[in-house]
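Chain IDs A, B, C and D follow the sequence of writing; residue 1 opens each chain.
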Amino acid sequence: MSYNTFGKLFRFTTWGESHGPALGCTLDGVPPGIDLSEADIQKYLDERKPGQSKYTTQRQEPDQVKILSGVFEGKTTGTPIQLMIENVDQRSKDYGDIVERYRPGHADYTYIAKYGIRDHRGGGRSSARETAARVAAGAVARKVLGQTITIQAAMVQMGHTKIDYSRFDWAETRQNPFFCPDAETAQVWATELDQIRKSGSSIGAVVEVVADGVPAGWGAPVYSKLDSDLAAALMSINAAKGVEIGAGMLAATLTGEKNADEMRPGTDGNPEFLSNNAGGILGGISSGQPIVARFAIKPTSSILTPRKSIDRQGNPVDVMTKGRHDPCVGIRAVPVAEAMMAAVLADHMLLHRAQCG
Amino acid sequence: MSYNTFGKLFRFTTWGESHGPALGCTLDGVPPGIDLSEADIQKYLDERKPGQSKYTTQRQEPDQVKILSGVFEGKTTGTPIQLMIENVDQRSKDYGDIVERYRPGHADYTYIAKYGIRDHRGGGRSSARETAARVAAGAVARKVLGQTITIQAAMVQMGHTKIDYSRFDWAETRQNPFFCPDAETAQVWATELDQIRKSGSSIGAVVEVVADGVPAGWGAPVYSKLDSDLAAALMSINAAKGVEIGAGMLAATLTGEKNADEMRPGTDGNPEFLSNNAGGILGGISSGQPIVARFAIKPTSSILTPRKSIDRQGNPVDVMTKGRHDPCVGIRAVPVAEAMMAAVLADHMLLHRAQCG
Amino acid sequence: MSYNTFGKLFRFTTWGESHGPALGCTLDGVPPGIDLSEADIQKYLDERKPGQSKYTTQRQEPDQVKILSGVFEGKTTGTPIQLMIENVDQRSKDYGDIVERYRPGHADYTYIAKYGIRDHRGGGRSSARETAARVAAGAVARKVLGQTITIQAAMVQMGHTKIDYSRFDWAETRQNPFFCPDAETAQVWATELDQIRKSGSSIGAVVEVVADGVPAGWGAPVYSKLDSDLAAALMSINAAKGVEIGAGMLAATLTGEKNADEMRPGTDGNPEFLSNNAGGILGGISSGQPIVARFAIKPTSSILTPRKSIDRQGNPVDVMTKGRHDPCVGIRAVPVAEAMMAAVLADHMLLHRAQCG
Amino acid sequence: MSYNTFGKLFRFTTWGESHGPALGCTLDGVPPGIDLSEADIQKYLDERKPGQSKYTTQRQEPDQVKILSGVFEGKTTGTPIQLMIENVDQRSKDYGDIVERYRPGHADYTYIAKYGIRDHRGGGRSSARETAARVAAGAVARKVLGQTITIQAAMVQMGHTKIDYSRFDWAETRQNPFFCPDAETAQVWATELDQIRKSGSSIGAVVEVVADGVPAGWGAPVYSKLDSDLAAALMSINAAKGVEIGAGMLAATLTGEKNADEMRPGTDGNPEFLSNNAGGILGGISSGQPIVARFAIKPTSSILTPRKSIDRQGNPVDVMTKGRHDPCVGIRAVPVAEAMMAAVLADHMLLHRAQCG
């Protein structure tokens, strides 16, 4: 239970504001004796880093991680791991004119409604910059899970344009600036997003994240269901507004005959499933199938077109945002999705071990 | 943190199996001095109770709640409240032939994979019967929230048939056996579900739940976002596979211009929003608009058509389910949705009070 | 985190008031596949039961436990276990005259200061009757720990009269009505307590609890130290005012030479310690030595001698308590101490397994 | 629930090793709008800082705190506060010869038994250096509590020499290097500790901590009793082996007549208590009297006299410790005790506000 802490046994607390001196995360509960170096974490941070293409914000942040505790001679010691990333490119003046005006679709108004105070610089705590800390934590989670579990994410929809699943290729996701698993769709998106970007607009997206190699038996009834924890994890990502497991919202349209994933004896002693509408989770517990989740990311509200709003005094104003922003924040949500899937699974690995030995 | 406990400050732990002697919930953290009687709880249990129409399971359970602790002379005392519901109609013999066979789409296999043991009678702990305890807890949550907050749910889609939102009428939801807010659609569903029921099949659904009167400022960054906690709560409902807040999955298709809910000065000192794509939550914190969530419920896999499966020894078998079941479990998920919304909000009401006074 | 919940992974929530219809506990996180029957629990409840000698309250409660969930065909299933004990002998009228008067040394005043309401019947939630639920939970904890770990408690001091440790004999503790491990001291106590009882007075005591067979490595830095969790557990017992681990308060008087428990190679591969000032815990982690704790229990304030107090309106009054009470509540704290030690260790067994495999 | 996290609503996680690059704490749940500067924290760190007299370790650490997040324009924002202290004087070579040898009375052996790995440099995570982070957290807790609550601690016993309570003077505690409230006893201690220090030995102590101004009603039954949480907090301090509330262990010797604190109507509308054996806590809830706790600190085992031990391979060895150490660690436990009392109270202030408004 904590506002900024994720997880039950594999736990991390993120801290830091968009334009403060640094941000990071404090991990607790990490098993001892695991190899861990800054390079192990850096490679995932580099995937999320801004400014890597014209389709993401031009803020220049090296996002260099430092391990401050919990690792000794290259191995985890079982004590808290502090990961710190210093902020470098805080161009605060960009935000000067939104200090007193609530940007529609942003957390400006609700933070004031809650706290009566907010760090307006770059969105403060509500900025997606916080997700850098998650990616760092996710890198540690992957180490805990070990090499038999693979976690991959991809952007599968941008605006109305979906990928063609028949062309789905994980290898392709690192070949284009969209983490798109379908080369042809990536080209379409390039054209579409160029236009959106130039017009100062933005667009939503859907990200899919898949974990392979998860054994049957992880998860738990009733309020720690694997799908429940995954839903919370993915919905906590900035701008997420919908989460699906397996068939997701379409499960509503299925009959019992079509929905139930039939089973046959498998060759490895485990059952073979003939479909995966359940997204690898039955009764909140993993079935041994791939865990499949998707979530929708709304477009950023930081756009050039003026929108109606109010200021802190309640006066009507128009707001337009001139700062550096992502025309499609879904792109940079892809490494974050992998991190959150890894964190949920690492947590449930430890929970399962605790109760079931 | 607990497998069967929900909430941080308004907390309840549900217990009990489908065919055990009783089930119930233990609430902790309820503020003192609130009027609470068994009748206050019973009215919501009666809405969820099975056997009220031909469209739900014919199991006969009075679902009579008893308050065993925490209430003195009609008022809560601030100490734990134990609510118990005795099981009456446990026709266990119905389930005899599925003791050794895993029903596809059910938790049979995953419970064994996790625990090595399961109470197979009526699904044991994985049965939706557990949701009776949630409805009881939700009734207490409503009392905590008080009368200025209204929580209502409705079934808005069954299979491919959606309601017409232009005919949406909350009053209608208690006039038909589907909690349908659109009288015309209710009639279509009646015909469709009759056919499904007679053929021994089942169908999925979408439930929408709305909270009015929630003040701006509830919720919290980052891992206790109101939408994150709501997603976990709704995804924990049996058979849920997708959760949406506001625009939900469709947020992916919107541009920044369309998505951002514009604001104007309101007449009551609070801003007036010109749309509600955010579902009443910005940055994880309530905006003062109605909180709007939806979730998809998959069809039950307890159907008469034989499906391929395996038994506990790993042999291929065919499974069909002859017991009493719900052709559309989405119907009875409606009161459960209200209960979970109430629980999330009561929890965040207390969390907000703790931190922000 | 919860007011009435104990533990992190082996968790239980107790509920119920002294004179309500029932009390009990909800356990969550218990590993599956453990043999568990009502008889396994009852034998410990019978040790704590009131009315077994003239030295404890004459309230007649059978304290018969019922398992309502979480056990199937004699084995735990991994789902919540509900244990219920019905109250039988609630002679509420005995307490009629203290409804409006705060008994000095009792929780009467502080409950009103906190909640503005209290169930005054028999002390309500503040009654030591709640400890019956702990003893039931402790019985389950012992099952989780298994037979290699032995937990025993004894009363080692009553008033100013301490036992002679050279005559300490665990077998003796069940041979006298004081759980006294020293037969000679038991006889002295009998005389002393007869006098106290007849004069309507009461007396304090010290209870010692020892766990043998705990392997080295359980516990954790920094805020989950085994001694920290034990201190919380024992201090949560009604009337406890002091807790000691190993040398306890006397550690203040020792030099470094005398305090440090020297080590030699042991015959079983583990170190042999030459003393146990640490009470089996170093740096918050078990050393493989016996875990030794003690706690002081204050005398009950329910005495026949009138004491100065105030009533609810703030008027000065004199209060004397005529109800049935324990002249030395330390006696019945002995089974409770064992239960709490068992609960702490079961919790740490699971925590250790989670993090360290 | 977390190994290195303290608190339920006012929560902090400490991180860092004795000889790592830095240590610190991550606070979550701090209310917004509170004035907070580095100077507010520094003054308490300066009290705990080593090397201030010949009676504490000669390690030179400026213990300069940096606020990295959660404070904006001098006020808390309600988001996580990261406090970092860089280590400066890590003279690791001093510890070279204890890498392979377990120091008796230290956590060396148990850390290896638990984790299979340990950061041996200066005791790593088990070092009392971690308490710097607590003192920083405690400074924030005081800000949350506000100026009406005063928290003070003092050393009241060193070895067999106790202070004379009739000379108790809080103002005196900052006039001598022992935080001793009795000037005459301070002089006796000076002589005694000089001798102990010169002989390379060490000695235990008792610290008392008192909170004035706590209103009646904070705390909660049953497992969040104020005394239970205080016991856990104080027992978590390095080297603590016993904790007392009010009369403490001596409560065992009292009769009901002597123990119960009588009440009279007070002049301010609250009751006036005629004694304080309860240490300000009844039924786990504050009574409005001063909260009084004491704890015993064992002597450090880092002494010059060789002690029997074993090495990592299980061979018998003799261990003597030549590094810089505190002859009486109780001295520097005084500011830590204040910090932990402040943290427990801040936590319960928020808990009370959450449930009771």
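In this text, a contact is a pair of C-beta atoms (placed from the backbone, for glycine too) under 8 Å apart; a residue touches a chain by one contact, two chains touch by 3 or more.
Just so we're clear, the structure is a prediction, and the values are computed from it rather than from any experiment.
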{"item": "Farthest chain (mean CA position) relative to chain A", "value": "C"}
{"item": "Rotation angle (°) superposing Cα atoms of chain C on chain D, nearest 5", "value": "180"}
{"item": "B-D against A-B, pair bridged by the larger set of C-beta contacts", "value": "A-B"}
{"item": "Mean-CA-position distance for chain B and chain A (Å)", "value": "26"}
{"item": "Centre-to-centre distance between chain D and chain A (centres being mean Cα positions), rounded to whole Å", "value": "39"}
{"item": "For chain B paired with chain D, centre-to-centre distance based on mean C-alpha positions, whole Å", "value": "46"}
{"item": "For chain A, residues contacting two or more additional chains", "value": "1-5, 8, 14, 29, 32, 78-79, 114-116, 125, 221, 351, 355-356"}
{"item": "Interface residues, chain A side, partner chain B - complex", "value": "1-6, 8, 14, 102-107, 109-111, 113-116, 125-126, 130, 157-160, 196, 201-206, 215-225, 227-236, 240-257, 259-265, 269, 271, 274, 277-279, 281-288, 296-303, 305, 307-310, 314-316, 330, 351-352, 355-356"}
{"item": "Of chain A, residues touching chain C in the complex", "value": "1, 9, 29-32, 78-79, 221, 350-351, 353-357"}
{"item": "Residue ranges of chain A touching chain D (in the complex, touch as defined)", "value": "1-5, 8, 11, 13-17, 20-24, 26, 28-29, 32-33, 66, 68-70, 72, 75, 77-82, 84, 114-119, 124-125"}
